[in-house]
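In what follows, subunit A forms one complex with subunit B and a second complex with subunit C.
Let's turn to the complex of A and B:
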């Protein structure tokens, strides 16, 4: 195709060719082309097939309002080809075809529409019941556009940006630019979002006079230069808004240019005020075969020529309902398009100047006429026109039907922000009636058409937004209002929704193949409001996000039911207002995990890491995930564990003890210097949420630990439970400040002794004792004798920056004993053998302190009101219906059940908390929470595993702990 | 390892050109290929303190008056004092030999080990920041230096804006030490398009002198 290269409005450079592959064949487009315009320029008219009936679909609009031109591009399905810039080497494939778009083997489905009335899948194939599972699978297979494999990895670079501004203007047309300029001139920070790759909106491609011989596109250029010259306006082109929320949070995404570091980036804007200047799209005209390739909207036909340098056809019929249609016909005629006829829905009200020009060019002009049918099996070959009343018909041969019922405002950003629309009889629009707070509409969205009115409304909206920011006076707003009142107001719009047709092949929604007939069927079944009809017929539920059915649906529903006034509202729109890749929402996708100071060292030692809450931790140190060697080494020798993720806190001040008393169940006033106090925290319901140790490090100065999971909430938890007391204490989170090394096993003392200059014999540093010392007079260490793993054990709390040094010293000292790392899983098994619980493993939200056998921690002499959870514990004490934690062994040395498996008889009686093969005991053991009657030693437990069918495994309740019941080993 | 060494939670892949031993820290003074800015400087070795007191108005840490407004900061004698809330202040020792000890007064806790501490300096700093946080550094209602306590790359941080004057723009950021690896990765990734490079302490010293 020869393309224009002389028009001042062109956005393509025909001198720069871009090659691409379509269905295996190489084609060329021009720099500036979209995929759709490049395909069109290469003579491709059928882009794909429709969802249900496999009807041929082609270029209809240029703003991606339907799925007609969604294609697979470089392996990515459902790419909006109208909005996607052509890039060198792109590989483009058709979607939803069996064979090809030209010859689709499933094209016969178009003739079976009678088998698929509205909501057919609710009525048919349900009897006999056996049929439905099969039918459902087939329907699911057929539903949806494009194909994607579960392991598909989205190519491209995605980014995100979070912005703050005074005024956010949505829409870079003339009113949007004026709004941005007027707000910016008041010294405010302004962000302007435009979905097309350039500013200008409805002025940008039109040659009509603006004022004083200046054309509209020249005016657009003038305004955009001024906007771009102001430093306090940030312009985002090719940036679509996808949502607006409370407090004027605006979200969107921007498509990157060649030089940008992103393909798409998510944008989140917090604005003090918002101007919505999104303009209008065309309201599709509904007639038979209204989506046949060759039928396109006025703006599409005009922009194909003016922006992309190609005529949309050879011979055209226009069936339009607004002056832009007449203007487009004249411009395209001047560019060489043969026009068989212009049928205008309106009987009167046309711009006389345009009518004069049409007459001068001898173009056949029919007032009060409309297209009723597009003929041609795959492409438009003829068009039938009819008078509005259907009395007279004429047929024209053509390859292009430019069709548009009128305009319809783009109100999505207003309605998703909970603005209300109301039908306006003059414009035929659903106009903003109640605007969200600090949000203003401007331009064509208000029904304005005169260029000066459009601009002035933008200026007024910009000033109102500036007023919200405290930078504009009421007087200035009053003056702008007066200026607007002195200009042309909203223009009268056409009311026609559908041509006089029965509607079997008249499509109201292209994406879902929903016809006028389907709407009638839904109404016939009693679905009388658009929201219900939308769901029953799927109208507007496709990937075009309701762009095509838009306001046509409520208008048609009102008309068909002959409602006296149009009280019916358009259906709700929801974010995203335009289709958006999930990868765009994901943005840069930085994974933010915490690592311990020993992360690198442990990885070097072969640690296998897992994400555990906010942390990454070494779970295993070999590919044997049963951790046999790690466990046996701790039981017989010495192991080293990185426990740095433990929560660690300092609490100090005159009332620190009172605060500890409040949140811990034990009597915290009895903490002795040099001793470790183990205790637990409960919720008000007595449910145990945390456990840890507390040590005294000075007068009214304590250091305590929490579980890893609770570290983030602990400060707030203590502050919350002391909020009315006015106590004087301070809390500091030292979790990241201190690393923790756990040295466990019978040889632990020998290893530690080699790096410290003090007596650490059992007599000098006994079980449950606490000491502070320095290594090499430099590294301050807080050491505790604990026994979580059931062995002689030292927990060394070391400043994080020194951790590596101390870790290496211990490894060096332990060399002669062959010291080995052990990970979280080995720790889990070791402590399980000892029946030491981990909250979250042996408990869930409803488990209280008594259920897990920690009742001994609760000091019953403390006043209940002083201890969080004590009142509830008092009540729960005699409750026999609660679950109890028990230990169990598997029958006949059977295999270990999975964690979380159910304990059952005729119903569920409990669940397995943790169960593992114990290498120390040489059998499978575990802990379970079971109903009280099952807690008795010797009770047989029937265990139901996920998907086990009728097969059960059995265990027996035994005494706890399983390993070293006297506790000699940890006290040695 | 025989020598006791303190390890920073911040690690850059770039090779250090000049280093200095200080209180068992190996402080990098200059990296190779620092470029022309913006710069990311690791200051994790600089002492930082937490001060809590119900009567903050009466306190003068290091002889410096504490700002009354929450979120305000004051930089005096190389010490940055940030008012966090009614009872809490964070203090960063920015200059000197990093041997400022814990004041012998009640209410102080040394939190140097708790966080990473980085400076992001150069004219594109706020373009980098807006890729990582919704905090409004250019809010005209805030006067530098000021403190934000909020998310940066989804992680709770303290961020002090010291300057917004184009070429000398700069912020200081602290967050939990454990996030060091991923925070540095996120910042460097966000700054890639602006040629953000790791830089040694010298860059920071000369920058702060010129404020």
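Let's turn to the complex of A and C:
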């Protein structure tokens, strides 16, 4: 096809060709084309097939308001081809076709529409009940849009930005630009969002005179230059708004240009004030076969020519209800489109200047006429027109039917922000009645059509927004208001919804294949309000988000039921206002984990890392995930573990002890200097959430640890439970500034002794003791002797910056003993053999302190009401229905059950917490939470594993701990 | 999140930065004459006001303080303390 290359309004460059593949065949588009316009330029008219009836569908609106032109692009289904720029090498496929869009083997479904009334799947396929699974499969196979496989990985780069601004203007047309300019000239920061790739809105593609021989197109250019010249206006083009919320939060997404670092990015804007200048789309005209390829809206036909340089057809019939339709017909006529007839719904009220031109050009013009049927099996071949009353009919041969009932304002951003709309009989629009706080509407959305009115309303809205920011006077707003009142006001709109047709093939919603007949059926079944009809017939529930039927549905429902205008209410609109990829919401940076100071060194030593909470930790140090060597090394020699993820805190001040008393169950007033105090924290329900140790560093100065998982919430927790008390203490999270090295094994002392000067013999530094010392007079170390793994063990708390040095010193000192790394899994087995619990493994949300056998930590003399959890523990004490933590062995040296397996008899009695093959004991052991009657030593446990069928494995409750019951080894 | 919250230390910030801490119910009850039911009510029972309520928030990604605000639960908008008090007074 020869494309125009001389029009000033063109956004394509025909000299630069872009190749793409459609259905395996190579085609060329021009630079600046969308996928849809490139396909159209190559003569492709049928883009895909419809959801239910497999009707051929093609180009209709150019702004992506329906699923007609959704296609699979580079493997991504449901891409809106009208809004997606063509890129070199794109591979494009049709959707929902069996065969091809041209010859769809399921096309016969269109003739079977009588079998599929509104809601047929709710009431036809259910009897007998056995039929449904089969019917469901068949329906799903035949219906739908794009296909996606479960392991589909979304390609592309996604990003997100969060912005603050004074004024956010939604819509970059003339009124939006004027609003942005007037607010910016008041010294405010402005963000302007425009969904098309360029500014200009409805001025951009029109050649009509604006003023003083300036065309609308030139005016758009003038305004956008001015907008771009102001540094305090930030413009986002190709950026759709998907939601507006209270407190003036605006969310949207921007499509990246070729050179951008993102393909799409999520935008979230917090504005002091918002201007909605989203303009209008066209209200579809409903008649028989109103979505046949070859039928398109006025703006679509005009923009195809003016923006994309191609005539929308050879011979056209226009059926319109608006001056813009006449204007488009004249412009297209001048560009070489032959026009058989223009039918105008309106009997009168047309712009006389336009009428004069039409008669000058000898175009047949019918007032009070409308299209009733598009003929042609796949493409439009003929059109039947009729007088509005349906009495007289005429047929025209054509390949293009430009059809539009009128305009409809894009009010989504107002309604999702809880603004209220009201039906206006003059314009036929739902006009803003109650605007959300600090949000203003401007431009065509108010029913304005005159270019000056549009601009002035934009200026007024911009000034109102500036007023909200304290940068504009009431007088100025008053002047702008007066200016607007002196210009022409809202234009009278047509009320016609459907041509005089029965409506079996007249589609009100393209996405869901809903016809006028379906609406009548729904009303017949008693669904009498649009909100219910919308759900029963699925009208407006498709990916177009109600763009096509949004205005027509309530109008038609009111008309069909002969309701007064006052009762016409729009259906609810919800975000997202335009279809958005989930990957765009997800944004970038999904792999965000904290690493410890020892990360790099452990990786070099062969550490196998896993994501554990917010951290990445070395879980194994070999491919043997049973960790036999790591475990045996700790039991018989010495191992080194990076425990830096442990929560570490300092609390100090006159009331520090009071705060500790509040959240810990033990008596924290008795912490002895030089001793390690082990305790736990509970919720107010007595459920245990954390355990750790507390040491005294000085007067009213304590250092304490929490589990890795609780580190993030501990400050919040302590401050929450002391929030009424006004106590004087300071709390610091040292988790990231301190590292922890755990040195464990019978040889641990020999290794440590080599790098410290002081005496660390068992007499000088005994079990459960705490020491502060310096290594080489430099590195301050807080050392604790703990026994989590059941061996002689030192926990060294070292400033993060010194961690590597101390680690290397210990590795060097341990060389002669062949010191080895061990990871989190080895630690897990070692502590399990000692029956030391890890909260979260041996507990869940409902497990209390007593259930896991830590009742001895609770100081019963403390005031219950003043200790978090104590009241509930007192009540739970005599409760026999609770689960108890027990140790178990597998019968007959049986294999180990999986963590989380169920303990059952005739019903579920508990579950396995942690179970492993113990190399120290040479059998499988574990811990389980079971109902009290099963907790007695010697009880047989029946264990049910996932998908094991009738097969069970058995264990027996045994005494805890399994390893070194007297605890001699950790006290060595 | 459309909600904004005014932290007494950091000022008006995005709701993302905060964590909800429940309705304002007053300090922990005294030990004396405390019944299990009274305790349970204190911990678990809520007023669930449809309107302005006083509630606790924690500035998680900020200064780390707990404070109360007044919020209209029907609009999810923060209210000025004075206004909220006025409305509470109107009701009683």
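One rule holds for everything that comes next: the second predicted complex is superposed on the first by the 960 of 972 C-alpha atoms of A that agree within 3 Å, B and C clash if a C-alpha of one lies under 4 Å from a C-alpha of the other, contacts with A are read in each partner's own complex, and residues count from 1 in each chain.
Keep in mind that, in the parts below, contacts are C-beta pairs under 8 Å (C-beta built on N, C-alpha and C of every residue); 3 or more make two chains touch, one makes a residue touch a chain.
Keep in mind that this is a model prediction, so the values were computed, not measured.
Chemist: Specify the partner with more touching residues on subunit A, choosing between subunit B and subunit C.
Modeler: Comparing touch counts on subunit A for subunit B and subunit C gives B.
Chemist: Would you check which partner chain A:685 touches, where first means subunit B only, second means subunit C only, and both and neither mean what they say?
Modeler: A:685 contacts subunit C only, not subunit B.
Chemist: Have a look at where A:632 lands relative to subunit B and subunit C in the superposition and call it first, second, both or neither.
Modeler: neither
Chemist: For A:74, is the partner it touches subunit B (first), subunit C (second), both, or none of the two (neither)?
Modeler: In the superposed model, A:74 contacts neither subunit B nor subunit C.
Chemist: Where does A:866 make contact in the superposed view: on subunit B (first), on subunit C (second), on both, or on neither?
Modeler: A:866 sits against subunit C, while subunit B stays out of touch.
Chemist: Looking at the overlay, does A:945 come into contact with subunit B only (first), subunit C only (second), both, or neither?
Modeler: After superposition on chain A, A:945 lies in contact with neither partner.
Chemist: Using the superposition on chain A described above, determine whether A:875 touches subunit B (first), subunit C (second), both, or neither.
Modeler: Touch status of A:875: second partner only.
Chemist: Which of the two partners, first being subunit B and second being subunit C, lies in contact with A:351: first, second, both, or neither?
Modeler: neither
Chemist: Now for A:209: first (subunit B), second (subunit C), both, or neither, which partner does it touch?
Modeler: neither
Chemist: What is the contact status of A:159 with respect to subunit B (first) and subunit C (second): first, second, both, or neither?
Modeler: Only subunit B is touched by A:159; subunit C is not.
Chemist: Which positions of subunit A sit in both the subunit B and the subunit C interface?
Modeler: Common to the two interfaces on subunit A: residues 162, 270.
Chemist: Per the contact definition, I'd like the list of subunit B residues that touch subunit A in the complex.
Modeler: Going through subunit B, the ones touching subunit A are 1, 3-9, 24-25, 44, 50, 52-54, 87, 107, 109, 111, 113-115, 130-134, 136, 138-139, 153-155, 176-183, 185-186, 189-190, 192-193.
Chemist: Contact residues on subunit A for subunit C in the complex?
Modeler: 162, 245-247, 249, 270, 418, 684-685, 715-716, 719-720, 723-725, 863-866, 871-872, 875
Chemist: Enumerate the contact residues on subunit A facing subunit B in the complex.
Modeler: 159-164, 189, 261, 268, 270, 588, 590-597, 599, 614-615, 650, 728, 730-738, 775-776, 778-779, 799-805, 808-809, 812
Chemist: Where on subunit C does subunit A make contact in their complex?
Modeler: Going through subunit C, the ones touching subunit A are 1-4, 14, 19, 21, 26-31, 34, 36, 39, 43, 56, 58, 60, 64-66, 75-77.
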